[in-house]
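After this come two complexes, each holding chain A, first together with chain B and then together with chain C.
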Partner chain A sequence: MKMRRLCTFLLAVLQLLLPLVLTGCWDSVELNRRAIVSGVAIDRGEGEKEKYVVSFQVIVAEEISGKNTRGISPVVLYTGKGRTMFEALANASRQTARFLSLGHVRVLVISEKLAREGIKDMLDVLERESDTRLTSLIFVAKGQPASELMSTMTVFSKIPANDLVEKLETTSKQFGYNFRMEVDDVIRGIQLRGGGPVINGVFTDGSREKADSNDNFKTIVPHAILKVSELAAFKDDKLKGWIKGDAALGTVLLHNKIKEYPVVISHPQGGYIAFNVYQSQVRLTVAAKDPEHPVFTVKISQQVSIKENANELNLISPATVVDLSSHVIKDTTRKIKDAIDTARKYNSDYLGFGEAMERENPQGWKKVMKHWEDIFADCEYKIEADAVIRHTDMRSNSFQVNP
Partner chain B sequence: MGKVKIGLLQFFTLTVLFELGTALVVNLGMNAGRDAWMSILIGCLAGLVMFWGYVYLYRKHPDMPFTAYTRKLLGTTAGTPVAVMYIVLYMNLAGRDLRDGSTMLAMATMHNTPLFILSMLMILSSAYVLHKGLEVLTRTSLMFTIIVLLIGVFSLLLLILSGSIKLFRLLPVLENGIGPVMDSVVHQNYMFPFGEMICFTMLMPYLSDVKKGPWVIAAGMLISALLLSATMALNISVLGADIVERSPLPLMPTISKISISDFIQRVDIFVVMVLIIGVFFKVSVFFAAALIGISELFNLPYRRMVYPVTLMILFTSMLDARSFTEHLNEGGRLLYTVYPLFMIVIPVILIIVTAIRSYFSAPRPG
Partner chain C sequence: MDTKRRTGRQLKSADSAGSGSRAPRLSEVLAESIENIQGELGYSPDLKVRKVEIGVENPVQAAALHLSGLADKTSVNEFVVGSLLLNTDGWAQEYEDSSPDLPALLLSRILEVGEAEVQEDWNDIMLAVLSGDTAILIDGYTLAIICETRGGETRSVEESSSQMVVRGPKDGFVESVGTNVSLIRRRIRSSKLRLEFMKLGTETKTHVAMMYMKEIANEDLVEEVRERLNRIANEEVLESGYLEELIQDKTFTPFPTIYNTERPDVVAGNLLEGRVVVIVDGTPFVLILPAVFTQFFQSAEDYAQRFDIAILMRIVRYVSFIVLLLGPSVYIAFTTYHYEMIPTTLLINLLSQRENVPFPAFVEALLMEGAFEILREAGVRMPRAIGQTVSVVGALILGSAVVEAGIITPIMVIVIALTGIASFAIPAYNMAIAGRIIRFAFLLLAGMFGFYGITLGLIVLVAHMNSLRSFGLPYLSPFVPLSVMDQKDTILRLPVWLMEPGQSPQQIRAEMPEFKQVTSGHESELAPLIKKNENRGKQPKGEGEAK
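So, the complex of A and B:
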């Protein structure tokens, strides 16, 4: 009996000890041996041997939230070179004191040079590696090395990569010329037959001289500001050009990613009127009985509010308001048209017309997918836009009506 | 292992977890492209027909496992080798699933951990539970079904909230007609995971209710088919058919798309949990089937054989293939070459023999 009790006791002790061997097995890396990468910049190096110059923006954890900070930079930039992305990562370890952990990369910036050469080779590792994640945002550095974007101090977040993410989020919610593009969106975009992805551009405005130190924002006007710029249009995996202005907005509309955007029209009676489009729903349909001559229909319905009316218009009359909304409709139609024209100019169906066609007439799509560019270049399309001004906000007429 | 009887609810949850098993995380039925969800449903219907054949055998011999009535029906000389083959089949299936599970774990999270250690930890937990008995396994399944379902509901909710589900990625339906769907059914889906229900012929004698039991198991199959189909549809609508087709574990990137205002993110560890739970039940059920077969055939006590069989399964899983690619390729071919023999041909022969026997031995009027 006593023996039995002893056995039970020993077993219980063994049970308590066993979990100790289960702590992460062979793969455990202690937290103080990890360095979290917040952003990655990918540049085109010289020659084949250093094709990828990959810079990692690494968070210095003590500086972000530690008690005894040294007043050093909150992030550091390490650069590795190699023929492939993975080699470059391993190469960077010569400088890093800790293991770079890629689980929290929020931003990937590709330099314009590399983007023009083609990005499909470097995307594979982002999919395959189990540490990286698909929700990282992809950017193209407009006209400058990508590493500069990752080495610019920012005001609102100690970590520049986070700042960039927040900037994109704010502008896509308010201004409408950009939208979130994640890794898998880009991969699906490259696979669009006859098309490509659309990727947000980013650049720094101002002098680069003190951009990478705290001096950058010691003055009220920062020396260099990280800015989200136009959209980069791709054909397959190569950058073809930048989508600007109305065309960019039309592109975002056609992707149905718009949240809010301002519309400014100049009224025939003089003065500008500004609207805020706070809701828009886009549907792309296609009549594709004859796959060689499809007819696309873009249907848009929008809700608009008047934000600025420096004018003597009689906003009490419904007729005036309806007339104003027709201006908005015209503006939207022009933007969509612009977007389609730009896409044709770049010879790339990044708007997803081909996809719509595939859904509508999969057999017909198979026949035309090989030469889809030609069909896309001169297919017919109709735009059916509708906009309604729900209200005039806090005033009806402007004070200019009763001077 | 005595006269244990297992309740209907527990059998139901065991069926659900066994069917979900590894199938929930892998790219099931992707031969059919974006219509994979359909081939799973059709596969389930085919599986249910097969299962009803097994139920016929069970109802005729409610107290015997499969290995016992093969010998009764085919005679000892022909029946014994067949029974031994089935035991080997179960051990092999357990080994294959163990390899699936441990490699996927290694791919997903534990890159540097030796495969052998992962396999060993998993098979030892199975062995421990089976040492405690079959009823412990089924009770465990009750607990884990709740966990798996909770994880499922939670992940689905988060995916909807983060707005990553784009149902239009499932269109066009049946792009190339029904052909590829049926091809996928024939090559994979009726066998994996639904044909594997053959091992329940070893467990069904423990059912507490001969009449309702098979219906409950069939309901479990149907529900897990719906869950599997919905999961594949979810994967495709989040990632697109191409990425799913190229991912060995598509549920992982799907779940990793969850990001709610950059605060709730990287919940892919849930998938790893589901994977471990699924593999555990899959391996354990095959393991149990093999054990019941051995103890019945060789008249050995059930518990004594637990550790030898553990070792056999462990080494089968390790020696099965050098690489995962080889393993999957081999598995894919087994699904339509070898398994139909065990899961259709032999049971059909047994059904015919049973039918003839009961026809001649039935008391006739007059």
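So, the complex of A and C:
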């Protein structure tokens, strides 16, 4: 009895162990069989058969943190062509010694040409494929092939894609004209009725001649620099144009993605005064009883500090400060107005007015969503801006004020 | 096979009884009796026979027998032999007048030892002599007077080497059951503290003491422990580990279901919580039962230090148990299945490390784990002088040489080292080795199925732990079944005044089930699970009154 039970037990254990020998490890891939892709560039090829020209920036890890480096480039670029994205990926494997692994793609760059043609077909694979992540950042290569962006050496990160990500993060924190736009945001933007996504632009400044080798930064001034540029405005999935300057900042404000941005006003008493807006909160509300004639209200409240005040203004007096804040309010109002005007110019509601409308009056939205473009083009809107100057940083009055 | 073994044992015992009835018995002739005892012990040279004459006018032959080394020489000399020789004058007359039985007179008037009794049974006499007592044989009587003279060399009370504390009592148990009992008694001066002695092991006749607090410990529990102990029919009980295996609820589990300790303060605390303690002569390790999972993560120091620090340390211990279980397997799963979950910068680092390593990560992990286990095993039994060498060689060879040779990645060395250190952070050694065994299963699962396998393994592990009982107490209580009021001394260690004295943290009194099926764990190899308690949650009467 005892023996039999023991035998059964041992048999069961044996049976559990057998599959180990039989199956191997089905989808395990050792790290040294992987080629980690850091960035992907997507260009429009010639004709239908090579619609997508996809370039993969692959990390050469040993070159980046290994002990014995060969002095080769820290990344390599492989290109595949195909009718679909997946075909292009498979096609690229002819050149790669290892499995192209898309789990760490941080940047996707789409060429302007493809963006103008429409990007919705290529986005599906990004959602469907289990490896790719929806938090990759999307860029549009402004006026040049996307693959060029992926083949530009950068100084501060050995991986150009990472450098680009860091650049975007830095500028969105300090300058405010750009903000993080991930694959997920883009896909949701495309689904906005009457609107579209806003995508950061990127381009290389300087000569491209030595851009893709270490020679690029052998001089103090690099030959070519990756630069984050204006915002690309989309209508549905097609690029319509670029948003610049105040309009771009207003757009970021309306998306509520701003962290900090500088404001410069020219003061009647002479000189420029620079402010740092370090907090701004936007609320978009709508009175939409009549869906055909909605009235939008943009409420914005900001907190500001004075960063530069090269004149003799008496900043100790509350009246002066209040007066200064009214300048900031004016500036903010103008930027938002600019943003809305630009959106109307491109006939695309990428600012999310339609969304606000749908939230306020879902029934009404259903009636007007078909011709939302028309309503958006001439609906009423009010801007209620408010700004408070919280402090003047390390000084009160400038040293130019004589006691 | 089972029946065969059992009949074998019965035959054996019948044999010994038969032989007892045949030859060696106490005889009315003193010389014969002495001869019999010497014969029984194979004329062992350490059996000392001291022949004396009692009385002057009508001297009676007598002999005191003891085993040198086991008996306390001073007691034998002064109180047994000395008293027999000294007082022969005064009472001789009395003896001759009344002619009563001599042994009674010896007991009542002569012998100066604290404990003495008349014993007629041959086996008992032999056991007494073998335990270090002195037997006085008197010519003309078929009995012996057993004088308590146990003594001999024992280790003195020292700090326990297996469970050290920074703050807390520094005394530890020793190999003598008497000393151990006294160490406990010294801490609990309560009349409720009960002590029961039994002799276990058919050959070793080991002294085993069972202690519990009357009215605090559940009576069913005490009865159950007593019964399981009494069922033991092994030849030998040399360590409390023998008993543990014979009385535990389940054999085929890596988890210990009985706690052991070298510390009297831990035992005292557990007694007051209503647990039963089993002390085995010959080992400083004392069993505490029932034991639940959380108990193995408690240290005596928790109660000596501030409660907030105690909580932090407990969390560290639980975390290190998780690290011990899952450290290498998570690394394997990450690198071979879920590379996308590793932060990019770290991944690049790992990639460059793995570039020229010949083995898959799984094999790498197995190699290193194996090497680590070898090192540890070598280090445990090393003489202290060589121990230094082992650690130096281990650290050098495994730490840097292996990495420099490009056989193992540096990160793997880090993972294994962390796992190894984590295993030392668990206060109970037997829980740490449980973790070490299970770790290999997880390694295998991670190598085959990645996190999917690890998740499945965890589910099975938790299910298994839920199936465990320690003397009827669910192993995972008070987490499963959840009892919010009993969380005071689990991961948390609330301030002492918050832990009401009337409530035992592990719910022992409230949760003790009725024992329906019991085994010693010895008769059949798989001790059946104790039936679930139907009255769980009901407060027994005693506790209600106590409040």
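The working rule: the second predicted complex is superposed on the first by the 378 of 403 C-alpha atoms of A that agree within 3 Å, B and C clash if a C-alpha of one lies under 4 Å from a C-alpha of the other, contacts with A are read in each partner's own complex, and residues count from 1 in each chain.
The rule is simple: contacts are C-beta pairs under 8 Å (C-beta built on N, C-alpha and C of every residue); 3 or more make two chains touch, one makes a residue touch a chain.
If you're wondering where the values come from, they're calculated on a predicted model, not measured in any experiment.
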item: Contacts of A:E62 with chain B and chain C, given as first, second, both or neither; value: second
item: Which of chain B and chain C A:G143 touches, first, second, both or neither; value: neither
item: Partner chain in contact with A:G245 - chain B first, chain C second, else both or neither; value: neither
item: Contacts of A:P362 with chain B and chain C, given as first, second, both or neither; value: first
item: First (chain B), second (chain C), both or neither touched by A:K2; value: second
item: Which of chain B and chain C A:D184 touches, first, second, both or neither; value: first
item: Chain B versus chain C, judged by how many residues of chain A each one touches; value: C
item: Touched partner set for A:L134, first chain B, second chain C, both or neither; value: first
item: First, second, both or neither for A:D27, with chain B first and chain C second; value: both
item: Chain B versus chain C as contact partner of A:I36, first or second or both or neither; value: second
item: Set of chain A residues, in rising order, touched by both chain B and chain C; value: 25, 27, 103-104, 106, 133
item: Complex interface listing, chain A residues touching chain C; value: 1-3, 5, 20, 23, 25, 27-32, 34, 36, 38, 59, 61-62, 64-66, 101, 103-104, 106, 131, 133, 159, 162
item: Chain B residues touching chain A - in the complex, by the definition given at the top; value: 107-114, 117-118, 121, 168, 171-172, 175-176, 239-240, 242-243, 252-253, 256-257, 259, 262, 265-266
item: In the complex with chain A, residue positions of chain C that touch it; value: 1-2, 335-337, 339-340, 344, 347-352, 354-355, 357, 360-362, 444, 447-448, 450, 524-526
item: Contact set on chain A toward chain B in their complex; value: 22, 24-27, 103-104, 106, 127, 130, 133-135, 165, 182, 184, 187-188, 191, 358-360, 362
